[in-house]
Structures are given as C-alpha cells and as structure tokens.
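Note that the chains are named A, B, C, D, E and F in the order they appear, and that numbering of residues resets to 1 at the start of each chain.
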Amino acid sequence: MLLPVSTWQDIERWLTKSRTIVIPIGSMEQHGPNGFIGTDALCPEIIARHAESLAPDDILVGPTFNVGCAQHHLGFPGTITLRPTTMIAAMTDWTESLMRHGFERLYWYNGHGGNIHTIEAAFSEIHARRSFDPRGEDNRPGLSLKRRDWWDFRDVMGLCNKLYPVGHGSHATASEVSVTYHAYPDRARPEVEMSPKIAPNGKIGDAVQYRRDFPDGRIGSDPTQSNAEDGGKIVEAAAKAMLEDVARFSA
Amino acid sequence: MLLPVSTWQDIERWLTKSRTIVIPIGSMEQHGPNGFIGTDALCPEIIARHAESLAPDDILVGPTFNVGCAQHHLGFPGTITLRPTTMIAAMTDWTESLMRHGFERLYWYNGHGGNIHTIEAAFSEIHARRSFDPRGEDNRPGLSLKRRDWWDFRDVMGLCNKLYPVGHGSHATASEVSVTYHAYPDRARPEVEMSPKIAPNGKIGDAVQYRRDFPDGRIGSDPTQSNAEDGGKIVEAAAKAMLEDVARFSA
Amino acid sequence: MLLPVSTWQDIERWLTKSRTIVIPIGSMEQHGPNGFIGTDALCPEIIARHAESLAPDDILVGPTFNVGCAQHHLGFPGTITLRPTTMIAAMTDWTESLMRHGFERLYWYNGHGGNIHTIEAAFSEIHARRSFDPRGEDNRPGLSLKRRDWWDFRDVMGLCNKLYPVGHGSHATASEVSVTYHAYPDRARPEVEMSPKIAPNGKIGDAVQYRRDFPDGRIGSDPTQSNAEDGGKIVEAAAKAMLEDVARFSA
Amino acid sequence: MLLPVSTWQDIERWLTKSRTIVIPIGSMEQHGPNGFIGTDALCPEIIARHAESLAPDDILVGPTFNVGCAQHHLGFPGTITLRPTTMIAAMTDWTESLMRHGFERLYWYNGHGGNIHTIEAAFSEIHARRSFDPRGEDNRPGLSLKRRDWWDFRDVMGLCNKLYPVGHGSHATASEVSVTYHAYPDRARPEVEMSPKIAPNGKIGDAVQYRRDFPDGRIGSDPTQSNAEDGGKIVEAAAKAMLEDVARFSA
Amino acid sequence: MLLPVSTWQDIERWLTKSRTIVIPIGSMEQHGPNGFIGTDALCPEIIARHAESLAPDDILVGPTFNVGCAQHHLGFPGTITLRPTTMIAAMTDWTESLMRHGFERLYWYNGHGGNIHTIEAAFSEIHARRSFDPRGEDNRPGLSLKRRDWWDFRDVMGLCNKLYPVGHGSHATASEVSVTYHAYPDRARPEVEMSPKIAPNGKIGDAVQYRRDFPDGRIGSDPTQSNAEDGGKIVEAAAKAMLEDVARFSA
Amino acid sequence: MLLPVSTWQDIERWLTKSRTIVIPIGSMEQHGPNGFIGTDALCPEIIARHAESLAPDDILVGPTFNVGCAQHHLGFPGTITLRPTTMIAAMTDWTESLMRHGFERLYWYNGHGGNIHTIEAAFSEIHARRSFDPRGEDNRPGLSLKRRDWWDFRDVMGLCNKLYPVGHGSHATASEVSVTYHAYPDRARPEVEMSPKIAPNGKIGDAVQYRRDFPDGRIGSDPTQSNAEDGGKIVEAAAKAMLEDVARFSA
C-alpha cells in the first residue's frame, strides 16, 4: 500500500494487521555531471514503490522524506539541505504522528550516506523522550526505529560491484544514477563526458572545501557507466532484499 | 525544468536567465472516505509538473514540500504533520539553501489551506533575519517570497464552482480529489458512498475535537462527485493560470 | 474585570462562572508621520478597557501582548518586533499559564494585520501538543483559541468607511490613529502634513524593501483625517461589537 | 518621551541626541489578597511614566515588558509566566530591534525579583552573539545592557523602611501595593484583612510547593498597611533616583 | 561516593538512603597571568572530592559540569563558553536524568560568579515544566534545586579575607588560584609578575569590552599572593562548610 | 599542554605554532557490575593525559566533554545523558569558542560508541552555518572537525583482542574497564562476579527496552577479566597511536 494515495480507512485497516511502515528518506543534492539532484530521494522511492507493486499487501510505503543533510553540497546549484537539528525536529514530528495512529515499527529506507548520522541521532532524540519519562514503563506501546540504506544488502552490493567493477566510488555512483535512469529513461544523459573519468577521493567538510576538492561534484566514481537497464536489475534486487528485511523487522 | 531530475549544471544555466523557482507545498492528511491522504501535496505537484510539461523553459519546479500543518487531522490514521515551528525551520533551511545559489524569487505553490498561516509566518521569520541586520542594506540580493494556493485563481475557482455547484465544501472537496484521480486513475474510488452526502461545516481546533465534529473527515463537501475527467480540466486551467502568475512574479 | 488590576481571588471567583478571557494583542511599530508607534497595541487595549467599563461583570481583560510581528517596519526608528517563532513561544506560555488555572476559551483581540498569520500558527502549535498526545481524549478540558481583529466587524468597518470614504488605506489608517487620539488627546498631531496626501500601495517584504517603497511608513492611507471625536465613535462601536462576539464565543 | 505614544520621527530625533532607552519590565503574578496581579509590571511603568512627566526631554521610556518569570506563582489564578528561555528570546528580539535603530544603552527598569536572574542571563545571551563574532572588533557600535530594580536605591529603600518598619517582607509588600494604589486609587482594597498579619518566610521552588508553603501568596509581608498616599511618596522618590541613575548610565 | 568512579549498583544502594547529589559546576575561562583556565571548574571539584574523602558515606559527588557562562572572557585564548540557553538545556537534561533515578535534591556546587544567573534561570526553567502541569499535584516526587558558591560561606570568606587582606578582588583571585595550586602544585606559577599589582575594577559586557578594560584578564585582584599552602587551608575550610550545608539540605 | 591547567598566555603561545586541539569526549553511563559510570569519559581523558605527558609540546588537550548520549542507559541509576540536540548545541558553542581564538583543527577523541552519530551530526550542523553563508568563501579560516574513537586503531584493537580473545563484547568491555582500573587502581572491583559470564547481545532502543534485554547492563562482554596491568598496556598503545594520528591531522 502507498500511504499518499490511500485513504485513512485503508490505513485504519492496515493497522489491524501490522504496526510497520516504510519511509523512503533521501536528499536533494548535486550528483555530478549526469546524475539528478534528486537521486538520493528518488532511489529509495523508486525501489520502495517497486517493492510495493510486487507485494502490495505486505508493505506500507509512506511519503518520501525528500530533503536531508547536504550542507557540503551547497557549493553546487540546486542542492537543498536541512540543518541536522531541523531534520531531527521533522523526523520527530513524523514519528509522533505515526505513533499517534498506533505504528510501532518505523523502517526508514535511506538513500543518502550523509543522512546516516542525523537519522540515528534523531532516533536517540525520539527514544530519549521516552527514556526520561518514568511513567508508562509497564504498558506503553513499543517503538522500534530502524534505518537501512538501500545499497547495504549483500545481494545489492554484490550486483553493483559486478556491474561496475571499476570506478564505483562513493558519491554520484553509476549504480544510483542507473536506478534513476531506469525510472526516468527519457531524462538519461548518456552523452555527458567527464574528466577525469574516475573522480578523486577525499574528505568532506563544508561546502567551500567540497567544491574546491571535488570540482564536478563526484567522489571516486565514474557514472558514465550508468544506464537504465542496469538500473532495472538493481531495483529488482534491492526491492526483494528490502521486502525480506521488512518482513524480519515486522516479525 | 524539474529540479529533482535535473543536474546541477542545468540549474547553474537556469540561474543565468532566471532567479525564480516554484516549490509545490502541501500536506499529508486524511481527505475523507474517497480522497487520498496525499491529496494536498499531490495537487500542486501534479499541476506544477503539468505546467512544466507545457513550458519547460519557462519554469523551474523544485521538490515537493510534502508534509505540512495537519495537527487537526491526527485523529485519522495516516495523517502526518509538522509542528508550525518545525515547518518554519524547514522552510527557512530550504530558502537559505536556494538563496545560497542565487535564487531571489521563491514561489511556494500551496495545496493546503491549513498551511497558509504557517507559510506566511515562515516568510516573516526569514525576512526578519535580514531586517534585523543593519549591514548590507545597499548591496545584498533581493528576496521575494510568495505563496499562492492552486485553487485561488479566478479561472480555477470558476471552473470548480461550475463543475460542482452543490457541495463543494472546504475539506476533501470534489475538485481536489478529481485532480488526484486524473493523475492516479487506477486508484480512484468511484464506489465509495458517504452519509450524509454533504458533510457538515464547523470550526477547527485540535484532533480530538475535529474527529468528534467531522466523523468521516470531510468538511462541507460531497466528493462522490469526483472523477478523473474533471480533474484533467482543472489541472489544465490551474497550470495555465499558474504559469501566467509565475511570469508576472518573475518580471 | 481587568486582570492586571485584580487580585488572584478575583480571578478565582471569575473562574467559577466563566472560562473565558480576552487578551488584547498588538504591535510596536511605526504608524506614519502622525500615528503613535504603539497604535496597534493601544487600539485593542483602549477598546477592550472601554468594553470592560461598560460591562465589568461580563468580560475579563488580560494584560496586553504589546510587541508582535513587525520586522518589515524595522527600517523606521522605534519599531520593536518579535520573530514569529519567539511570538509562538510566548503565546504558548501565556496559554499554558491560563490553562493551568482552568481557562478554556482564549479570545485574542488583535490590533495588527501583520500578527494574523503568526497568531494562527501559534494556535496550531498549541493544539498540536494536544493532538499528538493520545492520552486524555476522554476527560481533558477543552481549549478554544480565537483571534478577532478589532476592525473586522460589520458595524466597525461600516463606520470607518463612512468616516473616511477616501484614503482609508491599510497601514497607519485614519481610523486607528483616531482611536489612539481619543484615548490620548493631548498627544494628537493635527499639525502634521503629508505628501502625497494618500500614500502608495504595494507589497511587503523585509525592512529595507518596505522603507524604500513606503518612505514615510504609510500604506494607502491619509491619516491627516484623524481626530479624537471620530476615535470615540469607533471605540464605542467596536466595544459593543466585541462584547457581543465574546458572549457568543463563551456560550 | 514615551515611545508607544510617539511617532517614528520623534524617535529619529531622539537618536540624534541620545542612544539610551528605559524599558520597564515586570511580571503578571499574584500579589496576595489585596495586591494586583499586575503589580510588578505596573510599578516600574508608573514610576517611569512619572519620571518622564518630570523630565520629558531627558528620558525615553519604551513599552512595558509586562509578563516575566513567575512559574512559582502558577498555583494562584491569574498568574501568567514565560519560561526563562522564552523570556531570553523575547528580550533578545527587543534588543536587536532597538540596536537596529542605533540604541546602544538599554536600561531595563525592573519590578520583579524573580526576573533578575533571567534578565541577566538574557544579557549574557545577547553579549555572547557579539563575543563569538571575531569580526567587527574595531568598528561595531557599543552595547550596554543594565538592569536596575526600582526599589534598589538608597533613598527608595530608606523611604520604604521608614513607612513600613514592620512586616515589609519580600513578596506582596506594602510598598509595591501602595505604588499601584497611588496610580489606581479607585481599585484599592483597604477592606481586605489577612491572617496571619505578617506572612511567613521560606524558600521558593515550583508552583505546588509555593502554594503549599504560602497559602495566600504573600511572603513575609503585611500589605494591609498599603495606601495611595504612601505610594505617591514612593513614586516621587523612585522617579528622581531613576532619572539620576539613567543620566549616569547615559554619560 | 564519587559517581564517575562508582558502579550503577553503588548508586542504586545510595538511593535507598539518600535522594541528594552534589554537582560541581564551573567554567573554562582565563584567570589572569598565573591562574589556570580551568580554575572555576577545578575549585569546586577539588573541594568536593576532598569533602568526599572526609566523609565518603555522607556525600555523593557527580561529574563536574566544567564549561559554563564565560562569553565575556572570549577575548582571551583558551576560554570556552556555553550560551546561557545551551547551559539551561544541558542542566535540564542532567536534572531530568537524575530525577529518572529518584534523585530529589540536587546541590549545584558552583565555582563561577558568571554562572549564578544562568544556573538560577535553569532552575526556573526546570520548575516551570512542573508548574505548568496540573497533573501530579498530589503524588509526584519533590524536587529541590540549590546553588551554593564554594566561597560563599562565612568561614571560607573569613579565611580568604584573612589570608589576603589586600587585593582579593573578584576575578582571578588569590584564593581560587591557591586552591588550584594546592591540587596541582607542580603547575604553580610563582614566577609570574603582574602590573599593576592590583588589577582595576569595572563593569562587564561583551568580550571586546572586557579585554579592553581588563588587559591581562584580572579584576581587582593580586593573585601573585597565591600559594599551595593557603590553598590547602581553604580547601579544608570549604569542604567542612559544604558538608554541613549538604547535610542541612538533605534533612 | 593541558588547557584546564594552563594560562591564557600559554594558549596564546600554542596558537603561534599550532591550530590543533584534542578534546576528550565521553559519556556518564552504567558500565555493568564492575565498570565505573564514568568509564567512557575517563578512558579518552586518561589516554589523552598520558599522551600529553609523553609529548607535552606536541599536543594540547582540552577539557573533557564528559556527559554525552546515553538515553538508553537511563534504566540504570547514575546514568546522565544529554539529548542529541542539546549535545549539538553544546559542541557548537565549544567549537565557536575555540574558532574565536584561532583554532582550526578540532580532534574530538571519543570514548563512547553511542556518541558517534551525534558528534558527526554536530559537525554537519557546524559546517552548515558556514556552508549557508555565501560570504567569506575567499578568506575565512579553515575548519577541520574530526572524531576518532580511542579503540579504533589497528594497534589498540589488536592488543585488546589479544588480551581478551573471548568475551570482549561491545558495552562494559574488559578493555575499557581495565583502562579505568589502571588510572584508579584503588577503586577496582576484582571481587565482582557476573552471570552469565558473557553477557547477551542484542539491539538498542530506549531505556525500558535496554534494561529488559540487558539486565546487568553489559552487552556481549565479560569484564571480570579486567585488571589494571592490562589497562596500562592499552593506555600506552592508545596514547602512541593517537599522538601519531594527531600529528597527521595537524599536518
């Protein structure tokens, strides 16, 4: 089920059988010369929606949390970021809203490495509210918060490494660009060339430093290898892996 | 141009000719027995994307700010809200990100009446930072923040009133539901019946009061009249009206 | 009853018969060449105190919330503003204080158009705290928050339009200035001339833009028409209208 | 000059000769069986306005910051408080507004012992913004923030002790009640009796503890001695002492 | 008992006999030419640990809150400060943590005059949360928050005045420096000379003003008189006085 | 150099040759039946001070940030935590203080796995302030923020695994307890027995869940193996590794 195109009665029924919801969470940030700015939000959204199409009764997909932590990309036009504390506040509000309805297991399906720390800090912030409260130890509902990065499954990483044995890199990778090309084939940019072919590696600080060290935005990657066909394979593998993981999480 | 599926170089080029961006902003909240929870986020997104397809060189559409102010709907499962102060913080971060790149005209294209006050309060918060600062009076870039509700154009309201002369109402209206049915025809719910046919009117307080006074979530509306065909007409009219308004705003 | 000059036992007695309080709320901002900086705080205070003098047993008037949202007037000396988020925090504290005592109906009697959005956002913020909380659905006390602008009554607007058929405008209006001259006749400024006689209209952004577009502070108004006698009539009409409205609100 | 009933041009002129403003700051809290809830806001306001009437060209009096830190009085109906952090935010906004216009010396004229710590903490918060900033060491405008409690002058305390040698106490004192009776003689409560005549002393924690330990709200005082005539003498002495202190502060 | 080097079972046992904890709280700020930057955190820590060594069963000493309010010292390298609002947030979290375990009496043993206002404001902030809440009046646990400055005991001040009858001063005093030399004799700086011998007095604003008015950091003091032997005497007197005060507080 | 026992002139001199500071950062949380509550703050402090004793001219050690993110341990008496947002605020203040003096490289030497995400989120928050600011791209000072966990060096982990090949675990480990026993040998608890010998593993949520799943506080560890002698070896290895790492970081 997809929450944004469901009715409240649908969700009421869902809650009679499950307390789990999957929330795609990403970022809006430059992805090099041929990657979309929305890549990190689109990837988990694309995969989650594909998973839902495979098993509509087994998974509830919420709206996409589409702007995350991307301050280091602000040197590149189009990037939009939240401050970590704003992101924690927003995730807290989403979580409290869902808890109000009876959800107890929130599976944040993440598309951006730069979100990881803030997502986990948000979990601590949310749990802290409960931990400080001496009341309710006995009878309050449970709350499980889990983050899973879409690429961080053995089958998914194995496939990506097989498809792009050279120049996978860590930002603006061929695998994530391929996933978006699969979903938006008309917007693919096969013509874009890059130099050097494989981008440099390095450390991440603020936006000025990042643009100086990574002039076209990529880190360690050669995304000229991206194509929609590969993307389809990755989406397939990732959707299956995620469905199994969500089933375990809900058990 | 659609920012989420563009590259940063695309946005860099856009900024050489325009300082304007359109940001769909909505809500994730119950919309009665046959309306989608995402209706208020989907409507401006659907219309803005249609407008972009009509005039891709004339408009840049940002990501959708998809969760807004919906605390009064929390009595209905699936609703997700931000607190107003969280929404102000997030809108501030979006705006500062865009200003960093040189955007000077942000057109927040709104799909939710309950967002109006907080959007405008966020504008004041953002302007206040600049107003307090005595530096830069002379040479700092301008900043225009504008909110426009998608239905609040003469041609759009005229069409909606013509299509639904009876029972248009103010929440979960036939017009907004039709817009979403136009975009997601497979998910339309023509079979849903409602009683009373036209929902009651009343005042809005917190979630407990709302659910007590409006048991199925609607206010004053009869959305059983919704259909995809009407939705297409509304989208067409709204996209045209918005394109003209954005052109005036950018001038 | 006027809360600031009552004792706590007076308020304890009031609460045995009513759960309503009226809170004048305004702003401290420039009001053109002949209007007082405190105009928007003084008007609701003056009218509310007059109402109280007419019906001391029917209305409880709280202290005046005298500094509001006026960032756009910061280009003019003497203006004092709160950021919207500060105002939301302060209104929340006032409300929680009053709820602690048993007040359930807060009537914010507003004197400033620029406060409207933030007042309403504050209401959402306050209600959201309750809406997130799944406890207490059954037995917690009610809470009604209402904003009413002192000029926004048919009889009041009718009178103002009759007194000033030309050049009423929207900021530093003859009607509001007259109200303050009625209360502070010694401080009236009949000698001040203005050019142009009727100020321009336009849009409001930050303080720099405002002062550039509205050089003497007025918007669309000709307040040289102001006089204490008119002010007395307006106060009379407004006090009556407000008393009736508060009675309906409390019912 | 009184800022709320002055025009922006008046303040512009004031700033050509002085960078100082006096801001009465108080509280809205119970003051025992015969004291007004607004006592602590009214006292500095009454005295400051009297001072201004004595020397209108020598002093500029701003609006009254009328709700302060009174959480410990919340057990008594009518009390309204800000949280300390809200008060710090509001005082910061007032200060930044005034600095925007060129004020460099803010004299917070205080009427409430419970405000002292938070006012001083707000000063530190405001100074900290400047202290963190390594820019501007050379050429930024100065900023002096001063708090002075209206009773804390040798001549004022001497007079109060002479008038009320027994049972002056520390909350709901005869001296502060007399000041308000002087300004609002029609609302005086000479008929109220109290038992014990002199209230107990003790420590202050939260609202529950306070009401338990001080059942009628007073601490150590016998305010049945209050009268308007004494109040007039105190106002006279306090206004003179404050005018001299402000002159020193501005020098 | 020293909390940082105790086990949780030790604290569990402590709570069966006492609800009190002592928390040293200080600052990290310049202390003139021969004083340590950590002086204000070290002094209460040194004295509290000595007290604990005298009566390990009678006192529980928590970790040292070692960075406080020192914005005015930021002109001197090494100074670290919290903003007052950050300090209030941190003290609130410490307090809520300790309340979670059953502590009801928190004795903040302070080493820095500049902390006083913010510590007391934090107490109000913490109490306000409880005061706003109408529930729990009957059965919630008590909460006593107390600040005591290590030097502010008759015996301690008497000793300091006797040891340093001339040039004690108020910042970077011989007494506090001596306390740290007693604990860290190898790091004493007997060789440092100062000019003038006794530092000037004056007012405190922001960091720029402070460094301009107090060029070597001292206020009114002559800390060349400091020595470890004196420090030992002061520690002895202060530890005894504090133990007695904590016993009274816990009673 | 140890900042807390240095003078401001010492730090001024340090800054002429280095822009680096090492800040031990830990937590105050239960560490099982024989570990100190302060273990995670003590370990980096102990090692950093030992490093400083080895090379006092090569390293500047700041005060210990001694309370961190430990909400999940609040079920065990003595644990003290900050909320992640409070920790971000405090780390921001520390960083801004140090930047004020000219520090450009902050090496946060961490002793607690539960701090990792929030420390990194704080880095993003701090960098975001700079990234949003379009000014200063050219000439502002650099800022490098680095977190390093004391155990996360090849030589340190190798030694720990050699010393405790069985039952090292992840919370309340023999290696960290040994480090504290080395520094506080008199407080070692060789007599404590545990059952089961090796604690269970599992997931971490809030405080109620944690205490239910890990009844004595340990996770996966057998800290009965702890002893001061091992601790000495670990401290030696860790101090060397850190000194080399800091030298690389400063280069």
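Criterion: a residue touches a chain if its C-beta (ideal position, glycine included) is under 8 Å from a C-beta of that chain, and two chains touch if they have at least 3 such contacts.
Everything quoted here is computed from the prediction, not taken from an experiment.
**Q** Counting one step for each move to a touching chain, how far apart are chain A and chain F?
**A** Minimum number of steps from chain A to chain F: 1.
**Q** Out of curiosity, which chains are bumping into both chain C and chain E?
**A** Touching chain C and chain E alike, sorted by label: A, D.
**Q** Could you see whether C-D or B-F has the larger number of C-beta contact pairs?
**A** Most C-beta pairs in contact, of the two: C-D.
**Q** What rotation angle, rounded to the nearest 5 degrees, superposes the C-alpha atoms of chain D onto those of its identical copy chain F?
**A** 120
**Q** Quick one: which chain's Cα centre is the longest way from chain E's?
**A** Between chain E and the rest, the longest centre separation is with B.
**Q** Name the chain whose C-alpha centroid is farthest from the C-alpha centroid of chain F.
**A** C
**Q** As a quick test, compute the distance in whole Å between the mean CA positions of chain A and chain C.
**A** 47
**Q** Counting in whole Å, what is the centre-to-centre distance of chain C and chain F, each centre being its mean C-alpha position?
**A** Roughly 54 Å separates the two chain centres.
**Q** I'd like to verify one number: the distance from the centre of chain D to the centre of chain E, where each centre is the average of its C-alpha atoms, in whole angstrom.
**A** Computed value for the inter-centroid distance: 30 Å.
**Q** Going by the touch rule set out above, which residues of chain B reach two or more other chains?
**A** Within chain B, the residues that touch at least two other chains are 74, 81, 83, 85, 97, 100, 131-132, 207.
**Q** What are all the chain pairs that meet the touch criterion?
**A** Every pair of chains meeting the touch criterion: A-B, A-C, A-E, A-F, B-C, B-D, B-F, C-D, C-E, D-E, D-F, E-F.
**Q** Spell out the part of chain C that touches chain D in their complex, as residue ranges.
**A** Residue list for chain C touching chain D: 3-12, 14-15, 28, 30-38, 41-42, 62-64, 66-67, 74, 76-83, 85-86, 89-90, 92-94, 97-98, 100-102, 180, 184, 187, 189, 207, 217.
**Q** Where on chain D does chain B make contact in their complex?
**A** Touching chain B: residues 96-97, 99-100 of chain D.
**Q** Enumerate the contact residues on chain D facing chain E in the complex.
**A** Answer in residue numbers: 69, 71-72, 74-75, 81, 83-85, 88, 114, 116-118, 120-122, 124-125, 127-128, 130-132, 137, 140, 142-145, 205-209.
**Q** Could you pull out which chain C residues touch chain A in their complex?
**A** Against chain A, chain C makes touches at 131-132, 134.
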